[in-house]
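Letters A, B, C and D name the chains as they come in the text, with residue numbers starting at 1 for each one.
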Amino acid sequence: MGTVTESLRRMGKLLITLYMGNLKFRIGFTILSILVILGFAVSPFSPTNTRSWYIVPRDRPPSYEYPLGTSSMGRDILWELCASIRNSLTIAFVTAMIASHIGLFLGFIAGIRGGVIDRILMFITDTFIIIPGLPLLMVVTTVLKRYLTIPTLGMLISIVSWPWPSRQVRSMVLSLRERTFIHTAKLSGMGTFRVIVQELMPYVLGWHLINFTNTILFSIGTESGLAILGLSILDDNTLGVMIYWALNWGYALFRGIWWWLAAPVATLVLVFISFYLVSIGMTEFMHPIARR
Amino acid sequence: MIVEGLKAGYKLQTIGSSEEVGVYVDAVSGVSFTLYRNEVFGIAGESGCGKSTLIKAVYGYYEPSLVLRGGSARIYGAKGEEFDTTRMDRGLLEKRVWWKHMSYIPQSSMNVLNPTMRIRDHFAEILRIHVGMKKGEAYQEARKYLEEVGLPVDALSAFPHQLSGGMRQRVVIALAILLEPSLILADEPSSALDVINQKVALTLLREKQEALKNTLVIVSHDMGVHGVLTHRMAIMYAGKIVEIGRTADIFWKPLHPYTKALIESLPRLGDKSKRVGLSGSPPDLKKPPDGCRFHPRCPYAMLICSRAEPSLREIKEGHYTACWLYSEAVGEPR
Amino acid sequence: MPNREKPSMVKGLKQLLKYIATRTAAYLATIFTGVTLTYIVVKAMPVDAVENILFNIISVTAVYDPASIELLRRNLYEILGMGGSPVESYLIFIRRVFTFDFGPSIIAYPTPASEIVFNRLPWTVGLLLTSTLTVWVTGNLLGVIAGYFRDRRFAKVLESVAITLYPIPYYIMALILIFLFAYLLRIFPLGGGISIIPEKLNLEVILNILWHSILPAASLILPGALGWSFLSSRTLTMQTLAEDYTRYAEARGLPRSHILKRYILRNILLPQTTVLALSLGGIFGGALLTEIVFTYPGVGQIAYRAIFSGDVYTLMAVLFLSIIGTATGTYLLDLLYPLIDPRVRYR
Amino acid sequence: MSEQYMLRVVKLSRFFGYGFLGRVKFPAVDNVSFDMEYKPKIFTIAGESGCGKSTLARMILGILEPSEGAVIYKGKNIYALKSKERRWFYREVQAIFQDPYDTFNPLKKVDRYLYETARNLLDLKDAGKTQDIVDACLKRVGLSFDEIKGKYPSEFSGGQLQRISIARALIPEPKLIVADEPVSMIDASMRMNILNMFKEFKEAEEISFIYITHDLATAYYISDEIAIMYRGVIVEMGPADEVLIKCHHPYTKALIEALPEPSRRDDWLTRKVKPPGMEVKEFIMPGCKYADICPYREDICEEKKPPMFDVGNVKTACWLYK
């Protein structure tokens, strides 16, 4: 258990160092924090049910009463947006929890065992990377349309999200495996398990965090993509679903109700950029390119 | 070539911990020496003593973190043209001095060839760019030089990865002598090679120097290499030259305590007598010690050594050392 | 001492053939594995896929006739590899996939699903090819320049732009472009492949098609050329600059333009090709969505309509076409490697 | 004593794959055998880079599994050890590695490895006693526990780290230490101090050493016996004086002649040597792997692998001595 608290403390320290030392991380993390607050701390105070129709007057442009306007479905866009942020982030978090850990596990196995197991695993991983994930998800979600909920959607997206983390962890483990200190640890009488946890993990954890962030990014992108196809949880709020209704039901642009579309699109852009900034901030910290 | 009071060092940049940003590493601290035509000059010293930095500074190849702090390095071309590499800007050096008058053999030179370019094109680009030679003619010239360094003609159309390490090393030597410069700076030209390939490369360098009658500077941490190859040599310690002289004198009559330790710790075949090395480690060049930089490790250290810095003085003809042991000034701090 | 392992013409050819053979084997294996993995994923779904699809179809279309429902059901079992023993159903599944026999589509009954998809394929391929090529060429060039002059102002501006554009998915970019250029500025059409259905191809029609393709292409090109392609090329350039061979080239007094061309661009081409190969799947998926946003008449449109009607036949056709498409793209790039980098040639 | 030898290396080979899917296999270590008696000595394995000496060392340490052959330590095949016996093996056999900066995990404190070694291999539970042992071992290499306590590897110089590495290896009181190029990254002025330690430990504490090196001068200085490797095979083996001074095998001769020795300056500059060619090809040659370069080459050399011939106390794999 000591190692768990130790690695948690290390992660906390890492976050602080990163926040202080890396501008990209600081910008990304700040935007992200605001989004998280909107999604999780503010959205529970919504005065209206963001999933019902025709609760407020329709098609109102942004005003004092409705800061982001209202939609043709009669929803207050501000509160719908907050709920959407929460749901989109939750779906992505589920994906990241599943996919990045599958990736971690498979990457470790491939990297440590090597040989035939490595080759088979890597062939499957590469195949998953080559074949486009969206069409596969289209088939699966079409079949499962009736059963889509926040956790199941998160799980489904992880079907196509694990290969990148797995590849990353494997190459990391492969290069670490040949480092001298691994031999020193073995010669100090440490067992394989302890070598993995105490010698390899500290190195891999940083990358795992980056993989986790990237998977969140990927998952939000995939969810909103599926939503545009009508393959997300259409009776709930997510950022993608907002776009879906605005485009397909409201014809928001043809009818000039631009604020209905602008709010989720702008939020998505912020989400993507902030997660990406966090991710490259961490990468730059972990792996500084030699400055000339 | 004359080097006077050359000072250069590294300004640390933002990598890793931010505490060290802007700290200056005093890698080369006021180094002066003179080189003559038709000689092989060695620069010896241990890792981190500044010998590679010295070579880069003399050559004028400054990476962004490397800064010049003073001094000059004048080189003279075959017809007596004078260039001061510390006063010329990069573009001018590239056009007028580099490779025409002075060439450079970098460290780990087995891996310095472009992996996606054939060997002959490495020759051709230099000849085309520096001399304006036509491609076909340049290939002919390349063939001639490859034969001179003992490589088969096949190697011309090979890519670097198809040659062995020793062969690539010889290609780099051939490139260095291509424009018959009056000065060749070789930075650890053989440290990555096995003894046999090392011997091939070093004798080759020496032969070419004899043929061109120019000046060859060999930087190496291996005293053995200096012992068999160089005419004169300098010993560097912590950014300063502590001794200069004829190689034979340095080996058989060393003056500076550091040189003595280096020579004494050199193991020799057929001699099993006990050899003792130095204790301690070289100083941190971010904050070098006062006085003589060797005094914390010196077995003969005196009071003055920690207070004042000894200057390089001629003790015997052509044999200089920077040590208070050989000074009348001992006991009277300046 | 002479390097007697010198690659003669014959030997080089033999090695090249061997290389092509292994790559081809890997290519076929990838498609086969991809198809098999899909089979496993569909099969592993915890619900009865066929009943769910039937439910979807019936709820959208107006098929009430029990006989045709029964026919649909039987067909679906085969398409999804559900009927019979696992081995048997797998074999039927594979046969169906490799003969492109996905049954009749529902959105345009009774036209075979594969035919519908094939008809729209040129639109998608055309859009993908032009945009990917543009992305790769401009991304590489800009990346090399920005990497080499990394301390200049324009390089830093480019980097900030790239960091902003890179994470944005293609279809979000499409929405932004539509909003700016079609809605706000009203320069480009809001969507569609062409304004009028053409009788035959003439210059006017072609120009019309191009006019309608500008925004869809731009939404693929911008996040690519100024995003992933640019960023990875820039990173690779900075790594190549730190390589011993580049520094040695500088020390030889070779001019900057020469070093950029022969030392940097040449050496980043191979890793950049790998990056491209790994990005193909993502670009393809993005293109499908972009087409929907622009109502561009490509495969994406078909997929959208198929989803709406629960047309799994057509979706399966889209899926396997995209598997084969991206695998082929990767395969072709693999075959290019030896032309780009001599180290691959003799491996 | 039931076994005559402490360590027996029996027909050890290791193949590495080369090319796509590892189809071309070349032997990095090719059928190597030697024995070490119980009497403490320093046995050197010398050769140029890529001759397989490090691969051999790793196989002896049980880190890398051999493709063929066996390593027998005190009568036990070390690749058939159970986990408990493995601890015993590491109590008996320890190692020092080439790169002192990578010997300890840069993210962890160095004292940790000393503690781990004491705790795991000596079954020590008592913290105070563990520290005493660690401190005692550090004292033997001229350091003390207070000097290294709580510090990270980056806070030490290469020479210091290498001494800590030696101290760690000494903790379980091993009978054999495998030192893989222990001084090649250490400055020349401090190199001899470390090698002197090996000599001292051999004499005072009866520890045997396997010293892996490319540097024949230091090998001569400390070793009792030496084996010269070329392209995966031992070409000459015997007492260090005889091998390095008399030089029977043409390859040993070439190595010694190429050694930059200031006292033989003129000789060194005029004598020519022939450099070896492309490595992989020579590894898979059927006959003597040195035949291509050898000045004494005969037809038999290319066709048949030479066995080890006895020449006095020395064994050499060269047809000249049949």
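The rule we apply is simple: contacts are C-beta pairs under 8 Å (C-beta built on N, C-alpha and C of every residue); 3 or more make two chains touch, one makes a residue touch a chain.
Since the model is a prediction, treat every value here as computed from it, not as a measurement.
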| item | value |
| --- | --- |
| Chain whose average C-alpha position is farthest from subunit A's own | B |
| Chain pair, B-C or A-C, that carries the greater number of C-beta contacts | A-C |
| Distance from subunit B to subunit A - Cα centre to Cα centre, in angstrom | 53 |
| Mean-CA-position distance for subunit C and subunit A (Å) | 22 |
| Where subunit D touches two or more other chains at once, by residue number | 275, 277-278 |
| Residues within subunit B bordering two or more other chains | 163-164, 167 |
| For subunit A, residues contacting two or more additional chains | 292 |
| Touching residues on subunit C, where the partner in the complex is subunit B | 1-3, 5-7, 244-245, 247-255, 258, 262-263, 266-267, 341-343, 346 |
| Subunit D partner contacts - residues on subunit B that touch it in the complex | 46-47, 163-164, 166-167, 194-200, 202-203, 206, 221-229, 247, 251, 258, 261-262, 265-270, 272, 274-279, 281-282 |
| List of subunit A residues in touch with subunit D within their complex | 179-181, 183-191, 198-199, 202-203 |
| In the complex, subunit C residues that touch subunit A | 29-30, 33-34, 37-38, 41-42, 45, 47, 49, 52-53, 55-56, 163-164, 166-169, 171-172, 175-176, 178-179, 182-183, 190, 235, 238-239, 241-242, 277-278, 280-282, 284-286, 288-289, 292-293, 303-304, 307-308, 310, 312, 315-316, 318-319, 322-323, 326-327, 330 |
| Contact set on subunit B toward subunit C in their complex | 59, 61, 93-95, 97-99, 103-104, 106, 108-109, 111-117, 121, 125-126, 129-130, 150, 152, 154-155, 158-159, 161-164, 167, 175 |
